[in-house]
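Here chain A shows up in two complexes: once beside chain B, once beside chain C.
What follows is the complex of A and B.
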């Protein structure tokens, strides 16, 4: 794969001026690449690119203030980088962005449902429209649409939006189904009480591990998250759906106009709660009200950081 | 006798100190009749209202939440209500995905001199909440009824009315 070799060469060349570069290497499971921190040229040789580079490496960036870092990004990851820059949570001059065109990543949950247990997988390979996985029972061919992350089926930004080193030929946007939008529409078609029952049911499984928060590139309060403060005491330690749902609303609303819909929150959830629908809804509200999409324009001001004296699309006396 | 006596629901109102709290006070001084479902929480500015205050009230079993601040361009702090307007409008769009009718939350502007307008706002919002009925969240969480009256059996309520 020539572009990958070119990318590695570019990283090696840039490394002396950087503390490290973040990318991916093959993981414990062939389906899941794992984050790779490249400090030396030997590390760069481990870099992988392709359908298993699922994590969003931009999640690390806001904690690395003061360091000169490089980051390898997919198109969607680059939106997080852009949003972090917009909010001045990272400095452009401290950052070197490496990118290649992206043809999509897998959704391990979808595949686990097909093979039963991810631990049984000993090999995985994508060839165009098919993902072939090998288990001790043999090999299984899964059509790509059934293996890919939902976001990839209708990806609008397959190439890094900003980059210092981009290798390979940029790809056009993907024009496929948008299953997340379909899911959201199905939820919105429910009666309020049914919809609330859906969330009650879904959040009942939540174990309050906060993986959804920790995986989110735009969740930057870290040790100061209001979900864990005692003063003010926003949520208690009770193991109730009410507290768990309150936490989801904290996460969602703190991402209003900032969420880049990378999907890391839902992906990181160990019990597969479909929490992305809450973020999708927020993004669509923000888009309708302010014609704004998070993480696509480094110079834009996020809509909740500002206001207009006359708001074009807000009719606050309409009730 | 309040209009909706015996069938009270619980509504939380966040009112800014400089305009709407004064407006509600003006309505009281003017002895304008008002439904009594609303419980007021005074805040320094509508800009102080974190949308999560509203969520917390609703998840806690409030049947409705009303936010009221100074009219745009009249904010004591110049721009608090402009920020509030954006946040609250986003919240309004977001709440239905939780399973809450959009009408359970409204925000508006009432100045300190608008006693009459306050009466209108609180009456129409209370009516709106009564049309929607008790919040589905109360049923889902099995939260107890919020007033002694509504805890009474049907017959008791009629007797009280």
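What follows is the complex of A and C.
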């Protein structure tokens, strides 16, 4: 795979001037690559590229202030990098971005629905339109559309939006179904009581681990998150659905106009609560109100960074 | 009363119904894409097709429990004084947890040494532990995140269980482990089990064989102490950790908690809730000082506690049951096995005057 070899060579060349470069290596399971921190050339040899590189490495960037860091990104990951730069949460001069064209990544939850326990998977391989998964029961061929992350089926940014080193030929946008939009439409069609029941039911199994928060590249309060502060006491320790949903509401509102819909919040959820829809709703509102999509235009100004006495699409005086 | 009985698969629902008539019955249930323990519903079959996403720990050590309720009231005799009325909330009732795997149940043996010991007797924990019976399901096959055999356990480990169900043709051989467990088997729905003993033994051996060879963790306690101050090592080991608490909350052996008073006007509750060492606030002191300021310090504590400090305090017992949930559910794919092995390698290399011996 020539572009990957070119990418590795570029990383090795850049590495002496960097503290480390973040990418992916094979994980504990063939279906799940894991973030790789490359400090030395021998680490770079472990770098993988392909459908199992699901983690968004931009998640680590805002915590690495003062370091010279390289990051390998898929197109969607690069949106998070762009948004972090726009919000001045990271410095462009400290960052070296490496990219390759991406043809989509797997959604482990979708695959678990078909094979049960992810721990039983002993092999996984993508060939064109099929993901072949091997378990002790044999091999299962899953059509790519049923194995891929929703965001990949209609991906508009398969290539890094910004990069210092891009290897391989850029790909055109993917023109498939948009299951995310379908899911949002289905939720929007529910009556308020039904919608509330949906979220109460889904949030019931939340264990309040905050993986959704910590996996989010745009969630930058981290150790100072109001979810865990005693003063102000926004959220009780009581583990009611009300408190859990309250946290998701705060999380979503803090991401309004900032969420790049990378899906890490939902992917990180150990009990598979479909929380990305909450962020998507806010993103669609921001798009309608401010014509703004997070992380797609390095020169745009995020809506929360601007102020106008009267917003064009908010008819405040008409209320 | 026989010590082992045969439970035909066709009688499972009926037996669960019977258990539910005399106990609060808790089973693994499918909720969305996860399997979590919750109250038995006769209309919904428990999902025992695979190990549950979350372990059964909340059945004995709830994510949130009310320890007491209190209210402030005026003293009728002296209105200038305020009295505090308190009401202790003790767990009661008899419960059966069906369908956990041996690793999840064995986790409670780690808690027992802490909460039910001469030095400390936690009445809430002990009441629940004594009131809760475990009908555990032996595993037929190991997954790639499983490492129960590394920590002295195995796919048919009965420690912590009251009944162990071993898969045999057409059902399970139900082995009574405790007296209370044997009582549960005294049901006309179960048949004599003698003729299934050989098959059950073979099934256990086959499951054990499905595990890859175990690492020798004997040097782990000392190795982890030896690399305690080696922050370069811990920074690298924790680089990809996102410092959430998923690993701890899904761990059948993590038992750290927080106690808070939740006030509502003149009354409130004292709650005990899960806490986790991966959180910055866990060791944040009132002065603002934090002895574990980075995720490297925090992950070091998590691994050290399980494989060094706890064994040091409890006769060598490792505070890990090898269920692999921390690996399987980690959003970043952190593998605790790699960290322990790397610490052992690092300690060995350092003692030999070579610091390049990292494995991971």
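We take it that the second predicted complex is superposed on the first by the 316 of 319 C-alpha atoms of A that agree within 3 Å, B and C clash if a C-alpha of one lies under 4 Å from a C-alpha of the other, contacts with A are read in each partner's own complex, and residues count from 1 in each chain.
Just so we're on the same page, contacts are C-beta pairs under 8 Å (C-beta built on N, C-alpha and C of every residue); 3 or more make two chains touch, one makes a residue touch a chain.
The structure presented is a predicted model; accordingly, all values stated were derived computationally and were not measured.
J.: Taking the superposition on A as described, I'd like to know which of chain B and chain C A:300 touches: first, second, both or neither.
T.: In the superposition, A:300 touches no partner, neither chain B nor chain C.
J.: Touching A:34 in the superposition: chain B (first), chain C (second), both, neither?
T.: Second partner only.
J.: In the overlay, answer first, second, both or neither for which of chain B and chain C A:192 touches.
T.: first
J.: So in the superposed three-chain picture, is A:282 touching just chain B, just chain C, both, or none of them (first/second/both/neither)?
T.: Touch partner of A:282: chain B, not chain C.
J.: Applying the touch criterion given at the start, work out whether A:311 contacts chain B, chain C, both or neither, answering first, second, both or neither.
T.: In the superposition, A:311 touches chain B alone.
J.: In the superposed arrangement, does A:14 touch chain B (first), chain C (second), both or neither?
T.: Once the two structures are laid over each other on A, A:14 reaches no partner at all.
J.: Show me the residue ranges of chain C that touch chain A in the complex, using the header's touch definition.
T.: 31-34, 36, 49-51, 53-54, 63-64, 141, 143-146, 236, 239-240, 242-246, 248-250, 258, 260, 262, 269, 271, 273-274, 276, 279-281, 324-325, 327-329, 331-335
J.: Which chain B residues qualify as touching chain A in the complex?
T.: 51-52, 55-56, 59-60, 72-73, 79, 82-83, 85-87, 89-91, 93-94, 96-101, 103, 106-109, 124-125, 128, 136-137, 139-141
J.: Inside the complex, what are the residues of chain A that reach chain B?
T.: 184, 187-188, 190, 192-200, 234, 241-242, 245-246, 249-250, 252-253, 256-257, 277-278, 281-282, 285-286, 288-290, 303-304, 307-309, 311, 314, 316-317, 319
J.: Where on chain A does chain C make contact in their complex?
T.: By the definition above, chain A touches chain C via 20, 27-29, 32-37, 39, 55, 59-60, 109, 112-113, 116-122, 136, 202, 204-205, 207-211, 213-215, 222-223, 228, 230, 236-239, 264, 267-268, 270-274.
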